[in-house]
Structure formats: C-alpha cells, structure tokens
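Here come two complexes built around chain A, the first alongside chain B, the second alongside chain C.
Let's look at the complex of A and B:
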C-alpha cells in the first residue's frame, strides 16, 4: 500500500503544479475555463491528500509495519488515540499534515470566493498551488511518509514517550492550521498587488480566514505551553525556546495585521503596512516550519537535523524577495489619500499597538537567531536566555496591555477631550485603587513590573467592561430590552467589536497569570526519604510512600505526597516517572525496561490562586545489582517468567525505597493563563460566528428603509 | 507493484484528469460568468460593510464617544455611500432566483 501512497503524492504534485500553470495562463488571457480548471485542480489536490492521509492513518491503526513511518512511530501497544495522532510526530508525517490542511483551506477559500474577486482569485490560486507544489515536492523527493520496509518488524519502536500527552496530540494540527491559514490572506494579498485591486475587498474576503488562522495559532501555542507545564518536568510553560518563539512571532505579527486591516477597511489607510504585515506573517509561519525541521537551532521541540532546511530557505527567500519587489513596484497604488484625523482616535491606538507588536516580534526574532548571528560575527555560538527576553519583552507587553484598554474607549477618526476625560475616569480610578491595594495588602510590590502589569490590567478590564456597559445602555435607549437581552443584542449585532473586546479581556487575564506565576513562584528541589517533610512556599510536603506500576508499554515509579498548610491537608499528590522499554539490547534483557526513555508525570493540584506542582526523580541505582543478577540468570527465560522478574524488581523498589528527588513549585495564578486562553478562544468564536441570514435580512431592510427616508428628504 | 494497486492508481489519474480538464476540453467556464465578477455579490459585500460602519458609528455616538457634529457629518457621508451602493444594486434588477 506504500506504492499507492507514493502515487497519490506524485499525482498531487503534478496536479498542484498544473493548478499554478492553469491559473496563470487563464489570468493572462488564456480563457476563463483555465481558471475554472485550476480551481478544480486545487479541489482535486485536497481530495488526493485526504486519501493519502486516510491511507496513512489506516496503516497506523492496522499496525502495518511495512510502512517505515508506522514502524518508527507506533507499536502494537500504542493506544488507539495516539496511533491516530502519531502521524504528525514525525518529519514526513507532519509535512503531509501541513500540505493536507493547506489544500483543505485553499479549497474552502476558493469555494467561498467563486463568485467574487475574479481578477485576484487566479493569482491567489497560483500562489496557493505553488505552496502546495513545494510541499508535495518535499514529500515526493526528500522525506516520503510512504517509505516501505522490505522485511517489516514484528513490533514497532512506539511513539516518542514525550509526545504521549493529549495536548501534544492536538498542538501540532492547531499550530499548522494557524501557519497554513495565514497563507490564504497572503495569497490574496499577492493577487491584489499583481492586479492592483488594492481596495479592502481582498481583506473582506479573507478576513475570516485570517481570524481562523489566528485562533488556531493561539490555541496551538497554549496547548504547547500546557504540554510543557505538565509533561516536561521542569515546571514552566514557556522557556523562550527557539521553536516556541517561532510560533509566537507569526502570532504577534498576525495580531497586528488583524488590527491594522480594520484601519484599511474603515479609512482606506495603511495599505503598504497591511501588505507588509501579511507577507511578514506568512514568512514567519514558513520560518517556524523551517526551524522545527532544519536543526539549525537546538530545541527540545525540533525534529532534529534534516536535509529539508535548504529547500525551506529557498522558499522563504523567494516569498520575501518576490513580495518586496511587488510591494515596491505598487507603492503609487498603495498610497492612501487619507491621513490620521486625530491622535485621539482608534486608528492611532491601532498604529501604536502595531508598533508594539512588531517591536516585540523583532526582539524575539533577534533573541532567537542570536546564536547564529553571534556565530557569524564572532565565530562562537552564544545564546540569550530568559532574562534577556524578559528585559525587552516585558515593557512592550506592558504597553500592549494598556493599549488593549485604550483602544476600545476611542472612536474612529476622533473623540472629544471631554468624552475622553469621562471615559478614562473610572478605569483610571479602579487601576489606581488596585495598585494601592495590591502594594499595601499583598507582596505585589516586590516585583515592580508585575505591579505595573496588574495596574494596567485593572485599567483595561474596567475599560472593556465599561464598553460593554455603554453598549448595553445605548441599546436600551433604542429598545425596551432587559439588561441581559440588551447585552446579547449588542453582541449579536456587533460580533466583531464585542468578540474583539472579549479577546482583549482574555489576553489581559492570561498576562496577569503569566506575570503572577513568573514573579511570585516558589520553587525547591528537595531530596526526601519516605516519611520526611519539606517546607515549600508555606506548605508542608511529606513523602508518604513510594509507588510503582507496570503496564504493557511502561514501568512507573512514583510517590504519594501529602501536602498540608497549617496542619490541614490541602491535597494528596502522586507524581511519577514512566520508563519506556528500549529496543537497545546492549542494556540487557531487563535493563532495557528500566533504562529506556523516561517521562515525567507531574502531580498537580490546580487552584484559582495557586497551583501546587511536583515532579519526582526516583533513584533507581538501588536496582543495579538485582538487574545484573536478573540479566545473568533469567535472560533466556520464557516471557511470562521475565514479566514476573520485572514485577519483582519494581516491587523491590517499593519495599526498599531510597531517597527520591522532588521538584516542588507553588505557582500562583497559573490557572488564569488557561482561563485567559479560553476567553480568547470564546472571543474569537464570537467574532467569527456568521450572522444568521434572517437577522441580516431584517437589519438590511431596516437600514434600507432608513436610507430611503434619508434619500427622500435630501 | 500489486496489479490491483496499479489499477487503482490508473483509475485515480483518469478521474482527476476528467474533473480537472473537463472545463478546458469543453471550453466551459463553469461557475465563471463571462462578464467577470458577479457584481451583485461584490455589491452585497460592500453594502454589508457599509452598514457595519453605519452601525459602528451610531453605537459610538450613542455611547458618548463622538461629538454630535462629528457623528452627523460622518453618518451623512456613510449613508450617502450606502445609498450609492443600493442604487447600483437596484440597477442590476431583481436577482434571478426571486423572479416569478
């Protein structure tokens, strides 16, 4: 069946290349039937890649180890859920997922725009087809997911233990959907530049796709953070790792794009800026895909060194140079006749927010690539750690929190100074009160930047909530709605505005969680024997007893920890470490079960005010002598006897437990990071949700009637 | 290669070729209208965007963000633009699916 998979990819490659040719030929006067044909070609690529994906998934489910990818990333004991998602744990499988998602997105947008944007769409089709051709070529010529094994093994190597986490299974598709989604507005921007149709129509047609991409990327980044927090065993959710940064950079510039396109829609301004932002966002998305695969920077998240890096660099260079040439050649058409009416306007806040977001992206870019830059300049590779990133990103993040509150308060074009005084009064008073209260009654003043962030957050939350309140009051002046009904009504009628406000709230809540957990966490590494107690952040943590577990695919050694505060039990935690059997025979028949790859299963007691987080590092040296003895005596014993020996060895650890090393962290307000993420997602969904057709018609007719009256009066 | 797989591949290639090349072979532009963009769809999109602007401005005014003079001037110009769009839509006549 690998032959069929390879054939599907080759056909997809040919058809996507044909889509490029047919779209360009049709656009250049070859006839509209060629453009229709190119559109159908993209649909066909989506269908072919869907077949390829289904074929690969079925191989995973059937444990068909004649597929190299299945043999390397799955086994008969891998749970079905992880078999289904193992495809994207490898280089080639994840590239297949990338282009598959791209083809589906491309088909959707071409279907949605089949009756409009006739001039732009053929060029957008060619761009999308070109990207699909690139990825199909990679899969056909460089890293095929359909490599066959002549003599399939009876058992596969299994999934990388670190990836056996629900977040990790959804994290890559979400991230890729984000990266890929930005290719849609990018392709239409290129089409608009080529055809000089540079009004806001291409933005309106693809705005929803940009927002979907942004939402996917947001969820993907948060799921990655959640995985890091609960699986990697170091207790953090963000480490300024190059691959983490690579996903954050397109998110930042994409966020700037989503704001600044509103200025183009409303005021016909910032056209050069918007075109540049979407080109940068897509280039950064490609860069993110490249970083994970090139091996040029060390990262726990990367696939390791491979040969596809050069291909990606060539594509990135082509996208960047081609786009810059195109933008420069269209500068006259991109110039806007409008200027900012006032600095006290929403568009000026959007401009500031754009500068802060792009500045943040630049800082992260510099920090991420500093090892390469330093190596090029000095010959020595040195990297920049979290303190460097914090020094530059924190002030910019603070300014963004403030702007997130100011933006909603201002109207387009200009606001009156008297209104501004009134509008700022309440948020400023709440912020000042919060600042004083936090400084007097909590430890917040120990971290000045955190105190500033909490103050700004209080300002923004109050500003946004007061915006909802003003909207509700305005609605009630026009109708007899109750307060809840008025709230629902204004959100339904202005989904984009109020969905966006909810996103602002979510981001602020998230950043409060980040600030509190970064500045005020208490962390200790302690070595305890069963029965011993350590004090961490005001909690007594007692090592009650060791535990062990045995399953088909792993051995588990852990501990039960009793956590108390002032003598009262707060929680019982059960951190453990799982050991996955290695295929390396040199470790010995039994040694390979204890010395293979291991993962940390953290003990976590989440809470609204703090998380208590623990990880354990069992000391297995106690088992060295018994393991040597078991290897000597039972190496040739039948399987069931060997299973008994392994069970006896793990039982021995429990009976004679040596001291274990624990990392205990009392981490304030981490839960608010995930809650903030959910609010962000909710806000994005509100903004994305299409208006019901009936509601739209009603509104339309109301306004048509109003407009008719205006017209008759004129 | 398994003959069945080979047959499947040939069938797939034929299907894809028919789907993709049919418009070219028949000289059929399919959903494309010879005049270019579907003007009604584009105008409807512009109209919706303009209505959104009018609603936004009204909400800003009613929530006290805009001075009355500024709002009236903005509202007048937005409505004039909306009326132009409505006129263009009217000029297209009834949509085909509403004719009796």
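Let's look at the complex of A and C:
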C-alpha cells in the first residue's frame, strides 16, 4: 500500500512539473490549448494528492502499522478523532497536507478565473505549479509520508500526548490553509508583473482568496493560543515564542496587504508597495512553514534538526530574488499617475496603518531572529524576552486600535477640517467619558497602557458603530425598512465594507481582552494539603480531596478544588495531570505507567469578567517505594493482576493524600479574546461571502460577452 | 512651497523617523538580550550578577522536588560538565531527565538560581523521529 502512495506522489510531481512547462509554453506562443492543458494538469494534481491523502488517512483508520507514519503517531487505542488528525503531527504528513491544500486552492482559483485574465493566468499557473512541484519533490526525494516498515509492529507508538487537544488538531490545517492561501495572490501578482498588466485586475481576481487565507490564518493563530492556554499548564496564551511569531508575521503583513490593495483599486496608487507586500507575505508564510522544522532557533516547539531546511532556504531565496528583480525591472510600469491628495484622507490612514503593521512585523522579525543576528555580530548567541517585545509592540498595537476607528470615519481623497470635527465628535466624547469613568471607578489607572488602550477601544467601537448607524439611517430615508431589516440590507449591499468594520470591532474586543488579562491577572503557586485553603485575587480556593482515574491509555491524578467568594461557592474545579504509559522498559514494569509523558488537564471556570484557571502538580514521591516493590514482585504476573496492582497504587495516592502544588490564576476578561476572535471570523465571512449583486453582474456580463461573440460571428 | 518640494521634505522626515526607530530597536535589543550559555561555558567564566540563559540537558537522576522548589542539574548537550539549578514556578509538561531545557537566571555561589517561570522545555517534538521507542 505504501508503494501506491509513493507512486501517486511521483505522478503528482511529474504532472505538476508538466503544468509549469505547458503553462509557460502556452503563454509564449504555444497556443491556448497548452494553457488549458496546464490548468487541467493542476486539477489532476489536486485529485492525485487527494487520493494520497485518503490513502494515508485510511491507513490511520485501519491501524496499518506497515506505514511508518502510522506506527510512529498512532496506536490501536488512539481515539478515532485523533487517528484522523494524526497525519499532520509529523513532518512528512504535514508537508503532504500543505501541498494538498495548495493543489485544492490552485484548482479553485483557476476554475474561477478560467474565462478571464487571459494573459496573467498562464504565468500564475506556472508559479502555482512550481510551488507544487517543489513540495512534491520534497515528499518524493527527502521526507516520504509513505515509508514502509518491513516487519510491522503489533502496536504503534501513539500520538504525542501534548497534542491531544481538539484545538491542536485543527490548528495546523488552519494555519497551513492560511499560509498556502497567500500563494494565490502571490502567483497572480507575479503573473501581473511578468505581463505588465499592473492595474487592479489581479487584485480583484484574488481578493477573496487573500481574505480566505487571512481568515484561516487568524483562526489558526487563535486556536494555537487557546491550546497553549488550556493545555500547556502555564496559564498563558502568548509567549513570543519563535513558532508563534512565525505565524503572526505573515498575518500582520497580510493584513497590511488587504488594506493597501483597496487604495490601488480606488486610486490606482501604491502598486510597488502592494506587490512588495504580497511577496513579503508569501515569503513569511514559507518562512513560517520552514521555521518549525529548521532547528535554527530555540523554541518550546522542539524543532528537530531536520533535513529539509536547505531546500526551504533555497526556495525562499529564489522567491525573494526573483520577485525583487521582477519588481525593480517593472518600476516604470508600476509608477502611479496619482498622488496622495491630503494627509486627512482614508488612503493616508491606510498608509499609516500599513506602516504600523509592517513596523510591527519588523520588530517581531528582529526579535525572533535576534539569536542569529547577535551570533553573527558579537559571536554570542543571545535572545530577547517578552519585555523587549512588549516595549515596541504595545505602542504599535495602540496606534493600530486608534487607526481602526479613524479609517472608517474619513472619506477617500480628502476631508475638510469641519467635516472631521463633526465625524470625530461623538467617538472622542465617548472615549473621554470612558477614560474618566474607568480611572475613577475601576483599577484600570494602575496600568497606564491598558487605560490608553481602553480609551482608544471606546473611540474605535463608537466610530465603527456610528458608521453602521449612519448607513441604517440613510437606508431608512430611502425605504420603509425596520431597523434590523435596514441593517441587513446595507450589509448585504456592501458586504466587504460592513464585514470589514465587524473585523475591526472583533480585533478591538480581542485586544481589550489581551490588555486586561495581561495587566490585571493575579497568579499564585501554592502547596496545599487536603483541607487547606489559599487566597488568590479575592477568591478562597480549598483543596477538598485528591482524585485518581484509570483508563486504557493513561493514569490520572488530580484534585477537587472548592472555589468560594465571601463564603459563597463560585465553582468546583477538577484540575488533574494525565500520565501516559511509556514504552521505555528501563523504568520497570509498573514505573513506566507513572513516569511516562505527562500533561496538565487544566481546571477552568471561564466567565465574562474573569477566568479562574487552575493546574495541579501531584507529588507522586510517596509511590516510589511501593513502585520499586511492585516492580520486583509482580514483574512477571499476568495482565489482569498487573492492572489490579496499578489500581491499588493509584488508590494508595488518594488514601494517603500528600500535599500537592497548585497554580491558581484569576485572569480577567480572557473570554473576550475568544469572543473577539469569533467576531473577527464572522466579519471575515460576511466580507468574503459572494454577494448576490456581484453574481448577478457576473451573469449579465457573461451573457453580454456571449451575445457580443455571436454578433461578431454573424 | 511647490508640491514636489513638499513631498521630498515629507519623505526625508519619514525616512529620518524610520532610521531613528530602527536605531532604537537595534540598540535596545543588544542591551536587553540575555546571553545563552551551556554549563561548561557558564562555569568557565560568568560575570557575577549578570543574567544568563542556560541551555543544555537535564542530567539523569538529578531532579529533586523540595516543596515549591525544584532542584536539578543541567549538563552540556554533548558533554558531562553540569551546573546545579534551583527553580521556582511552573514546570512545563514535557520536563524530564534527559530533555533539553532553557532557563534564565544568575549564577550564585556555584548554583544557578533561576528566575521564576523561565523554564522552557523543548518538547520531544511532533516533528522529530522518536529514536528510543
């Protein structure tokens, strides 16, 4: 079966290389049928990779341990959900996922543009085919997902316990779809540069894909944060770790791109800038894919020293050098006839927002790669911690929040000062009121940056809501719609605009959550015996009793915590720690059940104003002596006896109830980070949903084109 | 003033600000960075009171939990030189003997006193091959 998979990959490699050749040959005078053939070749690559993916997934489902990948990442006891998703917990599996998603996206965009963009499409097809060729070659020659095991083991190694969390399973495909999605606008930008068709046509054709990629990347990043918060046992959602940074960088530049292309569409400006932004975004997406498997930076996500680093560096260098040469050689065609009319205009706010986003990306890039930079400069490998990142990212994020409210208020071209005064009046008044109220009635003033952020957030939320309000009012003067009907109607007529505003709201809500939870969290590490109580942030946390649990793949030791405020019970939490049996025989027959990989299961009481987050570190030292004895006496006992011994050992922990170490965090407003994320996703969906109006226009124009063809033939 | 001159001035100001900011970035990063050392390098010469980032592997049989304090030794990745470490705070899930760790702190009388919550364990990776099992 593994041979079939390998054969599929080899055919996919050949077909995608053919697509590159056919597209280029067709564009260079070989005729349209070659271009059509190259498009169909890309469809075939998508079909071949789908087959390969299904083959691999079915091997996981069938527990076919003759697949090396299955034996390493799955076992018969792995739940079905994790079997289905274990494919991307390995390097080769995730590379297969990458190119699979790429082929699907490419097919979609080529299907959508098959009647238009006749000059650009062949080159875009060649670029997409080239990227697919690269990844297929990687899978065929370097890291095969279809390695065969001659003597398949009876049981697989199982999935890494740390990854057993639903959001961790959705996180990689989301992130990859985001990374991969940006290759579509990139490919069309390259096509536009090569053919010198540098109006906004390529942007309009790929806008939706850029937005889809952006939405996937946003969700992917947030799922990673969510996983870190609820699975990693340290209670944080973001740590400026290289791998996190690697996913944030393309997001930032991609966000800048989504804004500045609007300036090109409306004003025919910023063409060099837009081409550079999409090249940067795609390069950073490749870098993000590469960084995870390069081993060049220290991260909690251990990057195994991998063999594909050189290949990736070569591809990144090729993309960068090729794009720069292209852009520089087309500078004359990229020059815009228009200039910025006024600093008081929407396009200048977009420009500022772009500078802030790119600046943010640069800061993060510098901080992430600082160990390499400092090693090159001073010979010492040094790293930068979160305080350094915060120093630059906080003011930039603050300015972005303000700009998110200013942009929607200003019109294109220029606005007069009196218009500005009228437009800014209400949001500024609300912001000032919010600032004073927060300073007087809450503790917000203790953190100046948070207070500024809340003030800016109030400004932006008011500004965006008043934009909705203005639209609804205008609609109601024209029709007799009720308020909700008017709202739905304006959103449907201008999905991109109002969807975008919703995204602004979501980002602001998210940042409010981030600011509140990082400035005002209370955290304590305490060691408690059953019955003892600790005070954390106004809550009394009592360790009621220890717990233990047994299942066929793990042991669990935990605690019941009674959380009270002013004597009244708020919630009962059950944090625990799971111990996954190790295959390492040197730990002893029983030792391997207690000393294997362990993961925190967080006890979490989420709330609108605060989360109560708890994790436990049980002290298993009292089991040392009994374990040694059990290893000696029952090593050769039959399976059911051994199970009884394990049950007795875990029972002993509960009975003796030694003190355990707890981490308790009272974390304000974390929930709003996830709510903000959902609003962002909703806004993005509104913006990218095909509007009925555009569909009608497309149908009419297709009809007109057909009519024109028939008339010319007549 | 004619518009093209105005634009040149605007560009010059913008570039100037960008250069200044980049300068600040570079300067502060070298200032705020903590040097990474392996145990043998740390023992060979560590400035008193200076903060370092210790990297290496957790030495076998060295992990001891005493109440809230965790004691262990970190040894060179490819050697035997090791430093005792005293640590408080969260212990990452994958922390075990033989694993690669990074921890921040200062050398104090031959013991590496770590800052709270700075221990980072490289997980046995979702991307590396398990070689033991």
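The definition used in the following text is that the second predicted complex is superposed on the first by the 690 of 714 C-alpha atoms of A that agree within 3 Å, B and C clash if a C-alpha of one lies under 4 Å from a C-alpha of the other, contacts with A are read in each partner's own complex, and residues count from 1 in each chain.
In this section, a residue touches a chain if its C-beta (ideal position, glycine included) is under 8 Å from a C-beta of that chain, and two chains touch if they have at least 3 such contacts.
Since the model is a prediction, treat every value here as computed from it, not as a measurement.
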TODO: Determine, for the superposed arrangement built on chain A, whether chain B and chain C clash or fit.
DONE: fit
- [ ] Please work out whether A:33 is in contact with chain B alone, chain C alone, both, or neither, and reply first, second, both or neither.
- [x] first
Task: Touched partner set for A:7, first chain B, second chain C, both or neither - done: first
Open item on the list: With chain A as the corner point, what is the angle to chain B and chain C based on their C-alpha centres after superposing, as a multiple of 10 degrees?
Closed with: 140
Open item on the list: Per the contact definition in the header, classify A:473: touching chain B only (first), chain C only (second), both, or neither.
Closed with: first
Open item on the list: Quick check for you: in the superposed arrangement, does A:661 touch first (chain B), second (chain C), both or neither?
Closed with: second
- [ ] Look at the superposition and give the distance in whole angstrom between the closest pair of CA atoms, one from chain B and one from chain C.
- [x] 21
TODO: Over in the complex, which chain C residues touch chain A? Could you list them?
DONE: 3, 7, 21, 25-26, 28-30, 32-36, 53, 55, 65, 67-68, 88-94, 100, 102, 104, 117, 120-130, 132-133
TODO: Name, in rising order, each residue of chain A that touches chain C in their complex.
DONE: 72, 89-91, 94, 157, 160, 162-163, 232-235, 292-293, 298-306, 339, 359, 362-363, 366-367, 370-371, 374, 377-378, 380-385, 387-388, 391-392, 525, 527, 583-584, 597-600, 615, 617, 619, 621, 661, 663
- [ ] Would you mind writing out the residues of chain B in touch with chain A in their complex?
- [x] 1-2, 5, 8-9, 12-13, 16, 19-24, 26-32, 34, 36-38, 41-42, 45-49, 51-57, 59-60, 62-67, 70, 74, 79, 82-83, 86
Open item on the list: Per the contact definition, I'd like the list of chain A residues that touch chain B in the complex.
Closed with: 1, 3-4, 7-8, 11, 15, 18, 22, 31-37, 40-41, 43-44, 48, 51, 114-119, 200-201, 204-205, 265-266, 409-416, 419, 422-423, 467, 470-471, 473-474, 477-478, 490, 493-494, 496-497, 696, 699-700, 703-704, 706-707, 710-711
